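Each structure below appears as structure tokens.
Here come two complexes built around chain A, the first alongside chain B, the second alongside chain C.
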Partner chain A sequence: MASLFSRRRNKAAQNSRVREQKHEGFMRYAGFRWAKISGGLTLLVMASYALIDVSPRHNGGSWYGYTLGTMGALLILWLTMLGVRKRRRSDDHWSLKAWTSAHVYLGLSLAVIGTWHSGFQLGWNVHTLAWALMMLVIVSGMYGIAVYALLPRSLSANREEMTQMQMLEALRAFDRQLHGTAQGLAPADAAPVLAALSENPFAGGMAARLSGRYPRCATAEALAQLGQRRGTSEDVEKVVGLLGQKQAALGRLRRHLRLRALLEIWLYVHVPLTFALIAALSAHVISVFFYW
Partner chain B sequence: MTDLLKLAIIGSGPAGLSAASRAAMLGMSHILLEKTDHLSDTIFKYQKGKRVLATPERLDLRSDCRFAEGAREVILANWDEDAAQCGVNVAYQADVTGVSGQKGDFTLTTADGRQFRAEHIVLAIGTQGNPNRLRCEGYDLPHIIYQVDDPEDFKDKHITVVGSGDAGIENALGVAEEALENHVTILNRSRDFARAKAKNVSDMMDAADNGLMRVRTETQPKKVEAGWLTLDTPDGEERIPCDVIVARLGSVAPRAFVESMGIEFTGPDREAFPKLSPTFETSVGGIFVIGALAGYPLIKHCMNQGYDVAEFINGNDALTPADEKDLAAIFADLPQKKSVSAWLEYFRQRISIFHDVSPLQMREFMLDSRAAFYAKGEVVFEKGDPGSSLFAIADGFAEVEVAPNVRIPIEQGSIFGEVGLISGRKRGATIVAGVDAIFVEVTRTAALKLMAAVPGAKRAINRISLERQLLQIFKGGLTVQDLSEVVEQAEVMRFPAGKVVVAEGDTGDDIYVIRSGSMVVEKDIGGKPIFLRYLPAGSYFGEMSVLSGAPRNATVKAAVGSEVIKLTGETFRKMLDARPNVRAETEAAMAERASMNAFIESRKASYSSAVDLYSDTASFIMKEGLGEATDALLIDENLCVGCDNCEKACADSHEGLSRLDREAGKSFAHLHVPTSCRHCEHPHCMADCPPNVIHRGPDGEVFMEDGCIGCGNCMRNCPYGVIRMEATPPKKPSLFQWLLFGFGPGPGEPSPSWTKKQLGDEKPKKIAVKCDMCKGISGGPACVRACPTGAAIRVSPEEFLSIARLDGGQG
Partner chain C sequence: MSFILRRIATTRSGKQIIRDSVLDGDQILLGRDSANALHITDLAVNPHHATISSHDGRMVRVVAQEGLGFDLNGRTLDVADIDSMGGAELRFGSHRLTISQEDQQIILLVERIDELSEASRHIDEARAFSLAGLLPGKRISAWLFAALMLVAFLAGPIWAWQTFRGVDERPEGFHADKTWSSGPLSSAHASLKNDCQSCHVDAFVAVTDKACVSCHTGEHKAMSKAHANASSAMLLAARREGSLGDQFLARIAQSFNRPQGRCVDCHTEHEGAGAMPATPQKFCADCHDGMAGRLSRAGHPTTLADAADFGTDHPEFRPLARTAMGAKPERLVLSDQSIDINGLKFPHDVHLDGNGGVARMAASFRGQYDFGKKLECRNCHTPEAGGVGLQPVNMQRDCAMCHSLTFETVGGVKRTLRHGKPDQVAADLTAYYRSTAPSAGLQLGGIERRRPGQYAEGQIYNIYFRESQMRPSRAEDAVRAVFSLGGACYDCHTIYAPTAGKGWRVEPVTQTARFMEKGWFDHGTHKETACADCHVSASKSAKSQDLLLPSVAQCRTCHVGETGASLKKVKVETKSSCAMCHEYHQDGGRPWQPADDRKKANYRDRENMRRNVDVSAVTKSGQEAVYISAVPIAPKMLYRVTWREIGQPDNRMGAS
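Let's look at the complex of A and B:
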């Protein structure tokens, strides 16, 4: 009833509620706003580097190098904040899409800012360690952009409106039917079926998850073995049919898990490396100020 | 013959019990007749430990029996104690089957032949009625039950469900849950499941395929014995083990019994209630109806009415109802000072749609309404505001803005806002107070109840809404007088979703206005129906044939269940002939539509696949019921990476429970419709909410205010499955505690196991949980804000199906 009775409601308050209904991805957000900004920034850095004469040569310790270094360090801290922004709810207006867009493009420009900051003076020291970690974070991020652009449609096409829970439920349903039908098999035939029943769809480790290849799949094995025994009994026929269906359901689930893994795996590189980068960056900054 | 009592009360629920207690306290001779062997059977049948809620909070309890929110056991124990303390005379196992006599000397006969005589009768029998029983040998054995409160009460049992309506199927699915290890059989007398929802039937078939239950068609029970059930199957008799029989065969509504006493109802439809005086007396003198049967489903209402009715029968005329202070609060801000009953009478006299309303109904409508003073020139609502309440003019007049700076007065006694009420869409015009005025605003629920209960009010509202709708559609200086003949001949027609209203190539010159629901326009191009346009409520179609006389050039069919008003071509043409300006305006509008059709046709020739995709997407959107949506969440699966941040954000913005299921739902061409509220034009969830807590908010959101009693009606009524019954999980440690130290379950909805661990043995009440479009959060819906890739969007069907989409791709 509250709405009904709040008669003289504040028009302005209502209009300040922004309804995001524009249909555009994070890469194209606001007409490539952040692509333009960070592209401009990159060009500015490159041009100023060429135009400004630092003697004896460009290096991180010149006033120009300090400027780029400060910019880069602040940018790194801000880019890290995406992880907090993503998880923190607040009522004011913000859009994670806009943050992602800015994160992606400014993160890419960081490669130029950081490298140009070094004046291309690399070596075997903590400073170059920070630079290398930064570049690794950027490269892993680029992988992220690529999979975010390419994989979602495969994920969607593969699951065909099924949820992950439903895929697991379908597997369990085939297992139940297999369990019932396999009662009538000879012990030698039942053994591979039992092995297939006790198979954990999540097993196989990281390599199998990412490649989608499960060379020791018990269901495939059972299918191959019983396939040779076709025609021996009606139960074998039924079991082979069910194993075929289970194999298909398992295939779908594994493709689903693979795509999800590919979409997530890079974060396990990107995020820890970011923390390593921040540590190395701190060491770099402290050493510059205290031991230069 | 027994002694003549002052009062006989039928039914010992909250209403009857409260009435009997009051009668006992007043020293009236009385008898409380209960058909079972315990008091308050409906609540008795609740599952063990169920929390019973005491809403509405603002209403004071006035009864000699205690009642506050608490567990079923506590409430029943209190009532038993209170009844004994008051000295209530109860006759158990007294199933009243007949009533004869008249005021002053009624005779009540029970099923077992006992008779009681009373001067007055109070009917407090509720609306549940008696469940239909099995008609076979052994029908009265105790292991036959008529409802399943908690499926977990049954473990490792042979259970047979008889009856294959929705109730039967839902019970069978409940007890067939794999973990319970029951052996479940469901019987259906016929071959198919015509009476059940398609979703329930398919769930049942899935369960059968998975070996969780047996579905037996053309099978009936023949004989019930302890532990066994003999079936009559197409192949002959069969005896199966059976520990429990769940009989879901519908119930006999109490209406027939009530009507057999000569009591009149307000109308023939199911929502009708007995006609009652302000003292709850029916059309038969001496018989009173209170509680759910009188239209008050909440326990507190029932108990207050029990108290009041006993006082009234005892001759207390000065008693004012317990809601008096709530009504007084509603009238408090009005400029004049009048008593509550004087105000009620004032509105009843001055507002035409209230003329036929009884004083008792008037109280009820006013409780769901608001009366307010508006100064001259003050805006009541603006065009485009969401709102579905109805306004009535008690004093002064209102002005409707038909064009910038053109205002037409609406006189005192009339109504406005009816378009929002009927179509469920945003306000069609701005309304301002013409002078200092008093307007009564009636909520959508109360207005719909009014229309159902008072036929005169319904006719008046329908006619006014049609006239105004036509005036709004057909520009060019049309007046109400011009329309009189058109409106006279108008006919309201209902169409279920998918039904064709006008077929391409047909002859016919009637013109249609969409009253509620929406339509899609399709044209056959190259042997394939191509989507041309989505028509929301308030639009019209069929005008091309009226103006040109040519056959229909496109097919129009209902996108959702809709109502259209058919205006005959003949009267419409006459009206146009009389008003050349209107004709010119209508022709201009028609030309615009024709050119848009031509544009799509030309595109079809050059960019066939783009048009096909647009058309197929539109069909998909309509098939998913988005035709009745006002604001739905869609996910572009070209962008969705499956991070579920939308669900997490939703949970964290709303007491830890997500109101959307991203992964579930249908997809087409990578466009995904997740399980999430669409904020329907006519929300199904609002249809039957006993505490009436579902409303439409200022941004068009359908939300639930506090006071849900957890009955689950809304969840069952929602065709899209977006309402959950859940208890609020305990508070989580803050984000930084999780981020830095790993405390708590992290962002998003906590897992059931975490919640269970936090709560221990405590079982909090489950209430309905649904999307409120992040009401009150200035940043707007969290699901969309929290999407990192821009896959989640919120749209209305018009926005989504605009032609710009065809032109510019996915911009």
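Let's look at the complex of A and C:
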């Protein structure tokens, strides 16, 4: 256990890690130390639940239920402290990676502790509300881990070493060229180009961001309309070419936005629901003692 | 006439460079086409968008050409006349055209005021590329959700509680503290589901017995009585030390102001709709297992025996029995030698023998009565309405088929001695002998030949008339005969000879309606079992005083403990918890059973059962008692029994 809990990082260890240049994510931190600890905790809870005879039946109000409930509540408060820890620099105890690793694995074991605390008695009440919020927070966290593991690869594949602003700059360059080239077009031909220029690449709302689908894309529309007019003039030819390039750039930007949205969305659930959970948990605990 | 066209360019350093150029002519063209005098590179502007003309060098007329207008002071127009002295701002696409007058000349200033495209606008990278602009901030929604939870599920319920403090019954409707309910209430308490405060009276005070007793007055009294009106201290002393976990919980509960030993410890609520869960054996055994020792150590000695499980640890029954004629019934430990003296002489063995005279007699009555080849238990023992117990044996109904009290038949009508009225019996017999002549002797009738020379006639005459003369005094002999060995009364009853001032007396028969008052036994649920399977020694019992109740061991041939524990191997197990026979509240009725078990036992309706079975009042009249049923509106007589007389007759004629 001593090695399991040697949290203090000494300078030498830090340096050696830097030298090794071997990346170790929070999931694999310290040889899955926290995975082992919370896995053991989960098994302990499940086994003791099965072995301990509570009459008339398991529920949150038995001594075993109170034990699990207290554990769960303290765990929830500690897990929330990750938000505080990550905003504070600390070179001494508990690297942020260690903290995150513990957060993830202990958070997963909370699903078992909380559910087993309930004795599987659920209903339409504040107690089950607290449980449901807890499960939502945990599930959103699991989603977060999944996308952090899967999406960054797609994100970097999509951007091809361009920065976000470079993507946007490319778009702007195509817009400028389009604007210039389209000056010679007849009003009927210029209108779709103008619409394409007036399209905000960041517009579309949550649905478009998450799905990456933009059914009324003005650039695509302009491309389709002017595509039919190809051969009428040299300007049209040029404009169609530019529109095609703009659409490719826009597509890359939109894929980037979608991946980023998928990477970020869970935090908009995870964080606010954590606070809702803490409030519901307080109501749950107070109500138990209020109507003792 | 000419216009001055002014263009302003802004250098990288922010410096503005103004360039003026002169456009000759009264009229100039404005448009995207480079051939126009006023050429604007803007796709939102038509190739030949408008003409700008002036004839007097002051008034300017702007006319839109190709369908697209222009904006002037927020309105879209096709034609506008503008006084250049006053000046005006017109908008074409993304450009602004400012018309003004300077040095008698009309100045046209053209500036791009909008970005070339939407993508070209300045953006905040961090915000635009993230979801920050699309969703409410995490911080604000965190506070908002948290506040919502606290208001709806903490402030609301407390407010509801505060509003109805001291109110007897809450009005119908939604009350916010309902959201605190940890589960549905049992069906018995379903009506309280909106009224949390009917039980949870004070904040942070655990539900008290007072809250229960405010409705359950009767149960509480009965329960206290059943538990010897024991003080809470005594009840708590009776409890077995719990497991480590239970002790831990008890200590926590104590420190959190949650006392032990309350009604709700056993009667758990919020465990789901439906009937309250049946009380498991553990709740009884928690105290009664090894209780005597604990109680005596705590200074509350008890005579109660320990019990933990019917199959393995249950004391022998202690039925009510009278050990002497006319004695008060007392609880005695049941054994093979147990006796209960009820005043009757009744040998079960003779009556149940399949080959004796009784069987012959019963067989001879087949068709007339419900007899078989021999007597069965049911021929004399009649179940009560509802089938729980047996009615007391009734002479007229249960014995008189064979034990007839007929002493005369008049015109086909049988005259019988009055049962239960010894004085009346004596009087009836006396009257009979006084009013009737002796039957004519054989000698007085017929046509047989008599021997001549004898005083035959006189002899016969004398036989008859002497008899007639003596007949009234024969009554006394007849009465004595009836009440003596070989007589109709003496056969079954204990008789006391006449004493000064009193006639013949019969020991009152005392039939115990319920031998085991602390437990419940239902003959109806044992219909499938033959009587002799439990009352095993009945067929061998030669004396009425034999107490033929089955022992615990006998019950255990079928009944095992709640979890199936038994001392001997049982073929067909009937798992039996304490509550099958014992009711905690001890109100004398049937122990409560979960609905499923009741169905199994083939009962129609529990309420009807109780009404039929329960005796709510006993009205005494002399030696008789009338049992009244418990139907609250219309009391109904259940049955009549002869009641034991108080006070002992001093002169007994022993049943030798």
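The definition used in the following text is that the second predicted complex is superposed on the first by the 266 of 292 C-alpha atoms of A that agree within 3 Å, B and C clash if a C-alpha of one lies under 4 Å from a C-alpha of the other, contacts with A are read in each partner's own complex, and residues count from 1 in each chain.
One rule holds in what follows: a residue touches a chain if its C-beta (ideal position, glycine included) is under 8 Å from a C-beta of that chain, and two chains touch if they have at least 3 such contacts.
Computed from a prediction, not measured in an experiment: that's the story for all the values here.
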Ask   = Which partner does A:Ser156 reach: the first (chain B), the second (chain C), both, or neither?
value = first
Message = Which partner chains sit in contact with A:Val239 here, chain B, chain C, both or neither? Use first/second/both/neither.
response = neither
Which superposed partner A:Val112 touches (first chain B, second chain C, both, neither) = neither
Task = Check the residue A:His127 against both partner chains and state whether it touches chain B (first), chain C (second), both, or neither.
result = second
Task = Tell me which partner A:Leu168 touches in the superposition: chain B (first), chain C (second), both or neither.
result = second
Task = With the two complexes superposed on chain A, say which partner A:Gly60 touches: chain B (first), chain C (second), both, or neither.
result = second
Query = First (chain B), second (chain C), both or neither: which does A:Ala73 touch?
reply = neither
Ask   = After lining up the shared chain so the two structures overlap, which partner does A:Arg176 touch, if you call chain B first and chain C second: first, second, both or neither?
value = both
Ask   = Who touches more of chain A, chain B or chain C?
value = C
Message = After the superposition on A, what does A:Arg87 contact: first (chain B), second (chain C), both or neither?
response = first
Ask   = Can you pull the chain A residues that chain B and chain C both touch?
value = 164, 176, 180, 260
Query = Contact residues on chain A for chain B in the complex?
reply = 1-7, 9, 13-14, 16-26, 29, 84, 86-97, 99-100, 148, 151-153, 155-157, 159-161, 163-164, 173, 176-177, 180, 260, 263
Request  = Under the touch definition given earlier, write down the residues of chain A that touch chain C in their complex.
outcome  = 52, 54-57, 59-64, 66, 121, 123-127, 129, 164-165, 168, 171-172, 175-176, 178-180, 182-183, 185-187, 190, 193-194, 197-202, 205-206, 209, 256-257, 260-261, 264-265, 267-268, 271-276, 278-280, 282-284, 286-287, 289-292
Inquiry  = With touch defined as at the start, can you tell me which chain B residues reach chain A in the complex?
reply    = 209-211, 368, 370, 372, 389, 441, 443, 636-642, 645, 648-649, 652-653, 661, 663-667, 670, 672, 695-699, 705, 735, 739, 746-747, 777-782, 784-791, 793-795, 799, 810-811
Request  = Report the residues of chain C in contact with chain A in the complex, numbered from low to high.
outcome  = 32, 34, 41, 43-44, 46-47, 66, 68, 116-120, 123, 125, 128-131, 133-135, 138, 141-150, 153-154, 157-158, 161, 177-184, 196, 200, 203-207, 245-246, 248-249, 252, 256-258, 268, 271, 277, 280, 282
